[in-house]
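To start, the structure under review is shown below, and the notes come after it.
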Amino acid sequence: MATLPAEPELTVAVPVYYFDTDAGGVVHNVAYLRMVEIARSELAAHLGWSLQEMHESGVVPVVARTEIDYLKPARLGETLQLKARLQALEKVRFFLEFDVMDAAQATVYARCRQTMVTVKLATGRPQPVRTAWKEAYPHLVQTR
Amino acid sequence: MATLPAEPELTVAVPVYYFDTDAGGVVHNVAYLRMVEIARSELAAHLGWSLQEMHESGVVPVVARTEIDYLKPARLGETLQLKARLQALEKVRFFLEFDVMDAAQATVYARCRQTMVTVKLATGRPQPVRTAWKEAYPHLVQTR
Amino acid sequence: MATLPAEPELTVAVPVYYFDTDAGGVVHNVAYLRMVEIARSELAAHLGWSLQEMHESGVVPVVARTEIDYLKPARLGETLQLKARLQALEKVRFFLEFDVMDAAQATVYARCRQTMVTVKLATGRPQPVRTAWKEAYPHLVQTR
Amino acid sequence: MATLPAEPELTVAVPVYYFDTDAGGVVHNVAYLRMVEIARSELAAHLGWSLQEMHESGVVPVVARTEIDYLKPARLGETLQLKARLQALEKVRFFLEFDVMDAAQATVYARCRQTMVTVKLATGRPQPVRTAWKEAYPHLVQTR
């Protein structure tokens, strides 16, 4: 089995296309969440959990809660940098953070936090957080 | 069983929201196809084939081809009128037409034609066009 | 000028179409935020602030923060009921709440809260909350 | 000024995420057109016409017609290859072709053709096709 990266984070470049913008001339608030999903999917794959495995196993991470703060508007033609980070692990939930930044990573346009639950699609039942993640990132495990 | 309407057509009102527009200040070309899907789903239900039946039976209409001509730009805050019409029936394919119009139905913004195939999702196999439609609209049946 | 409704709230019916769902078989998490925007736009119009006025004046409500809790999955073919409510008014910010419910309004699928800022698009500058809203709903005004 | 590439075509990798799929378990028909827009924008940039230039100049390519044939369903977790090609140039219109393929470029999932018109956004007026393109690709110029 592949070793997990030392830091459970990843930065992904996401260009802004016309379909991401709205008549206000800037990136539409909902489009950021599609970008967050791109970063989340790539982070999961980077941490050994690919979309293909999700699809085949029927055990998938489900968004239980999203918080997003819109700080400054991004615009057409920019290439955004999405920094995604696994931030904490509980028994069945895990927490992710995302910074949506400009190309130079100097300005944060939006900041997002998501609570995820691992779910077996067939039953809708929550599943334990991946053991490999708990072993690789013991400092992120929250015991309450 | 419910009787089908005399004319296999339906006009549906679809407001334009910010998420339908782009930084060019008008409705984005892809958004029209989401509107066409609204009209298509409502027309199918009007003709006795609801999304719920599709979902439960696993027999669904699949888009095999889309043609759309963009004639004039629609704008934020308009309520578009989508006129959907069943236009022809073959053995396994059927054909739909859509006019995307302004609120007064005076201007056509876009005109769309879709070729549909009825498919059993589990096998991917094409299925015969609904018998009820052939019986209700014999003049639409194409024999080649 | 039209009188504002006694209660600053509105319930809007939003059907679930295929484009709202994902390969997990349920409504996709991002699709709920498009539905929230439908409800938000209709609530704003109900309270005297139409998309057309926004577009023409260039003074628009901008989403500064979204929080959304996903409680239960909604499915294809349902007609969701979105209850939108103006919940508080500050100097330049106002707060909205949304319940995404099933057709019978018996189950809450998702609960959303948004912080809005009124902005002049040309300058990006925040504008005071609408006077008409403060006058009509004085009990919602927060003084800090 | 940069020299244009010898062949006016580009192949772009586009992963399939959950938001691209629907409850039928496959990529949704509308999602392909978002992917086509990604490929179109990258091809335009490759041919010296960036989204930033479009946004700043207010002279933009507008989709006048889309035709798309859906041949086979693509699935979650695949990385699609979108091959985009400038196919013909008229006075004010130009024509693009797109193949949506699997990762190995062995299977074509969808084939798309778009008619584009160059438009000045402020006036809505068609503009002549870019001179640089006519000079670089004289064999594509259609005289009628």
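Think of it as A, B, C and D in the order they're written, each chain with its own count starting at 1.
Here is the rule we use: contacts are C-beta pairs under 8 Å (C-beta built on N, C-alpha and C of every residue); 3 or more make two chains touch, one makes a residue touch a chain.
Because the structure is a prediction, the values reported are computed rather than measured.
Asker: Hey, which pair has more contacts between C-betas, C-D or A-D?
Answerer: More C-beta contacts join the chains of A-D.
Asker: What is the chain whose Cα centre is as far as it gets from that of chain A?
Answerer: B
Asker: Measure off the straight-line distance from the CA centroid of chain B to the CA centroid of chain D, and report it in whole Å.
Answerer: 25
Asker: Quick one: report the Å distance separating chain A from chain D, using the average Cα coordinate of each chain.
Answerer: 28
Asker: In whole angstrom, how far does the Cα centroid of chain C sit from the Cα centroid of chain D?
Answerer: 35
Asker: Give the residues of chain B touching no fewer than two other chains, as numbers and ranges.
Answerer: Touching at least two other chains: 18-19, 23-25, 30, 34, 37, 55, 75-76.
Asker: Applying the document's contact rule, which stretches of chain B touch chain A when the two form their complex?
Answerer: 18-19, 21-26, 28, 30, 75-76
Asker: In the complex, go through chain A and note every residue touching chain D.
Answerer: 15-19, 34, 37-38, 41, 50-52, 54-55, 75-77
Asker: With touch defined as at the start, can you tell me which chain D residues reach chain B in the complex?
Answerer: Chain D residues touching chain B: 23-25, 29-30, 33-34, 37, 55, 60, 62-70, 73, 121, 124.
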